[in-house]
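Below you'll find the structures, each written out as structure tokens.
Shared between the two complexes below is chain A, which has chain B as its partner in the first and chain C in the second.
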Partner chain A sequence: PCVRAGEGWACRAVLAEGHQRTVRRVAWSPCGHFLASASFDGTACVWRRCGNGFEVVATLEGHENEVKAVAWAPSGTLLATCSRDKSVWVWEVDEEEQEFECVSVLSAHSQDVKHVAWHPSQEVLASASYDDTVRLYREDEDDWLCCATLEGHTSTVWAVAWERSGQRLVSCSDDRTLRVWQCAEPGDTAGTGTGDTGTGTRAPGWHCVCTLSGYHGRSIYDVAWCGLTGAVASACGDDAVRVFHEVPAGPAEPVTFALLTLHCSASVRSTSVEAEPSRRKSPSVSFSRHMSRIARAVLPVSFRE
Partner chain B sequence: RFHGEGYQEGLAEGSHAGMAEGRRYGALHGAWIGSEIGCYRGFALTWHSLLQKCTGEKNSRKIRALDSLIGMIQKFPYEDPTYDKLQEDLDKIRGKFKQVCSMLNIQSDFRIGTERSSLAF
Partner chain C sequence: QAAAAHEQKLVVVSVSPQSRASLAAKCKLGLQETAQKLTKFLKSVHYVFDTTFSRNFSLLESQQEFLRRFQRQAHDKKALPMLASACPGWICYAEKTHGSFIIPHISTTKSPQQVMGSLVKGYFAEQQHLPPDRIYHVTVMPCYDKKLEASRPDFFNQEYQTRDVDCVITTGEVLKLLEQEGVALADVDPAPLDTMMGAAPGLGGHAGGGSGGYLEHIFRHAARELFGIHVGSIHYRQLRNKDFQEVTLERDGQVLLHFALAYGFRNIQNVVQKLKRGKCPYHYVEVMACPSGCLNGGGQIRLEGESSKEELQQVERLYRSLKAEVPEDNQAVRELYQHWLGGWGSERALSVLHTQYHALERANSALSIKW
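Take a look at the complex of A and B:
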């Protein structure tokens, strides 16, 4: 299935007055009334519907250079931005005043931060970086801190996506693998896998429970975890969208995923939105509520759930 | 035998030069860090006293953030360059400073050294 321009989709508004450089990512607020945009001009803007268009209600400044991603927490009261300046900023939203205040500047990564994603139900944040790691952050006594570092990828981690339950997350990387991570509670018994201390008990914390390698021919730029079906989709520089489905297994068995379908770009490429040349080879993928409407677009997209 | 002597002499001279250079670099770097943190401290104390006069919820948040910054600076171990979390704590101080600047709507571009202030009247 592919989305063709003109079949039920029409451009409703062009938001041209907010940024001075490339807009790298957009995100709808959970309530659907606001749109956040992250730009290479170093700012993130928040837009609200105004008549037939949108107006800027806030410009979040402070990052030293390109802002790579922006994401809303499920509560709608927090926003996160990340940048090439190696930091992740957490902003608090005052919905009535429509004001945004920075509550934390987190410099845990040692390199460019490419992506941020919030846990589906808790105020926990994940970030992906050029330093090959994924980091998790949470609030602790009025301040935010990095509570976990997920190491394993051997190159830039381009994106992360949470499973609907929030117990696992998947990351995609320049190293052409997808890794699925799970948090083990203290005292949890698990089967073979990384982190096994030999007594059958996994050390508490996050561990990589599955690595999908050999499926992708090039860097994997984006990954999404379907909230309805549990399938994982990846967007790869080899011009294909892949969908993976988890193979059911018992509690002590290792986690595995099988490739369900492979969508080649031949049919999609003719309908994809034109993007600036530097982004043409970096596809993005996002799920709509129904698997039948996976859209592959050359510009990042986000669906309202 | 001359090789050996030559080597020992060279090693000694190299170590000596290395120590001197290291000491200079250490002093310079230490001065940079001291200057940077000193600047943050002056900034934080000034704003703290300025905001004391204002009331309101928003200001109490700013004051809390300033207090946090001042606290971090006070805890910073000036006397111990071998402190293992030195860089980490320094990054946290810088992060808190940037957050405070964002809350106060101030640009946080900090210049170290004797460059002229960009203020003009």
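Take a look at the complex of A and C:
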């Protein structure tokens, strides 16, 4: 099936009055009534539907420079932002006041933080950074702390995505690999410990259980994990979107993923998606219209579910 | 080592009480012993002072500044809330991130480190019959941001081309020095303590916690001077977390004074946001960048084997163990105001003991976008 920009999609609103610089990422709240936007102007805005448009209900200030990402926790009462200032901030909504208060400033990374993503069901946060690591955070008494550092990538980690169960994470990097991480104790998503110890060891904490290398020709800028089928999609600087499916394996066997490649043509005004014939029934990958302007660079990827 | 490098100069080291408490906890000594042994260890330098002395000036000036601001709040919307100025982590962040909006609210009173700089390169230099550039002034501080503070252009003496504070070392860096020399502080003989003027007093402290006690001193002083109320012990009410607390002075159901402590950036952020929305209820906020305050500064010694909470509590216990003195009662401080600063509230006192801030313009070049 083809998805062409312009067909079946109409621009409903242009939100031009909130930011002074590049808008880097947007995120819908779980309830769908609010939209958060992260900007290079150093702020994140929260918008609410208002008639045919949207109005700003809050501006989250405090980061020292460009905000790279914003994400809503599944409960809808927490937001996370991350920035080139190396920090991750957690904000809480005050329902009555319709205000956002900063609950924690986490400075665990040593470099620019590119992305944040919440666990699908728990208040556990993951972040990806130019310092080559993924970090996890959880609440502890009256503050938040970094409870795990996932090391293994050899260059900037651009994004992370959680598996629907919350037991695994996938990260994508400048080093052209995807890495799948798993927590040794099921349910212990907030366990401590660091990453890559190879297969066979069962130390508690997060480990890299699968590294997909050799598939991508350039930096991988975004990754998504389908909540329905378990497929993993990547957006790469080599002009391709790739979808991987996990190969079924027994509990003691290593984790592997097999590749299903979808190509983007270089003339990106009309992008087409061709599936391998045997895979025609796979979930479709949706492309933002925005993507056509970025072409080889940042390429947001998400599953339409 | 500083002395070796600057043989022609008189070397003075000013030690902060927070650094001393951290060293005492690590070396398992009392505060007095630590002060005396540290003095001995540091002495290839000429003098070792305690910044508790200069803190008296910061507290007195802050108290007075608050009264001035309180009294002009009707016609100056930026007078209140007044925000503390002793923490350079907070100051640098405020200048960079909030700029000209927040600067009018920040107290102009210098920090104890910088007051000490002015005293050492000013009063003390004169007493020693030396120009300021013939003194090399080192401070020992609980954090790294104090190095940034010392390097501010506002604290550079143009006439003599010398800084008020030439070098800042952290508590941890002092420990490294001890280790490099193979010296255990406990084994060092005690030396008598130096003072800038007058006879050597015992070690003293100030009420109000490990970050200087600004809230408590300003609160008590304002209560007395503005409302004639004598405040005994101060009751704190914890808000969202342990680093955000408030204090009120009430009479007949009316709130006369409403102060807060805000430590750590998450709390600083919330205070600034309230301020921006015109919803800040406080007259004064003691703002500090480090959660749990200066005793928990980034340059303090991390003890091994104990949980960090316990080690911090030990440092706090030691710090609190000194008798609290009242700045107004310090004889040496009064004399300095009278004889060197031109009198209490004089133009010279204001010029020597206060500073200013500068909003930082952010680079906005589209060419430098990094995704």
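Odds and ends about this structure:
The definition used in the following text is that the second predicted complex is superposed on the first by the 247 of 305 C-alpha atoms of A that agree within 3 Å, B and C clash if a C-alpha of one lies under 4 Å from a C-alpha of the other, contacts with A are read in each partner's own complex, and residues count from 1 in each chain.
Criterion: a contact is a pair of C-beta atoms (placed from the backbone, for glycine too) under 8 Å apart; a residue touches a chain by one contact, two chains touch by 3 or more.
Bear in mind the structure is a predicted one, so any value in this text is a computation, not a measurement.
Aligning the two structures on chain A places chain B and chain C in a clash. In the superposition on chain A, contact of A:40 is made with chain C only, not with chain B. In the superposition on chain A, contact is made by A:22 with chain C only, not with chain B. Of the two partner chains placed by the overlay, neither chain B nor chain C lies in contact with A:55. Of the two partner chains placed by superposition, only chain C is touched by A:112; chain B is not.
Once the two complexes are overlaid on the shared chain, A:253 sits clear of chain B and of chain C alike. Shared-chain residue A:142: touches chain B and chain C both. Here chain B and chain C are compared by how many residues of chain A each touches, and C touches more. When the two complexes are overlaid on their common chain A, residue A:84 makes contact with chain C while staying clear of chain B. By the touch criterion stated above, A:95 is placed in contact with neither chain B nor chain C.
The intersection of chain A residues touching chain B with those touching chain C, taken from the two complexes, comprises 61-62, 89, 101-105, 142-143.
Contacts from chain B toward chain A in the complex involve residues 61, 64, 68, 91-92, 94-96, 98-99, 101-103, 108. Residues 21-22, 24, 40, 42, 61-66, 68, 84, 89, 101-105, 112, 114, 142-143, 221, 297-298 of chain A are the ones that touch chain C when the two sit in their complex.
Contacts from chain C toward chain A in the complex involve residues 93, 96-97, 240-242, 264-267, 269-270, 272-273, 276, 291, 362, 364, 369-371. Within the complex formed with chain B, the residues of chain A that make contact are 61-62, 87, 89, 101-107, 142-143.
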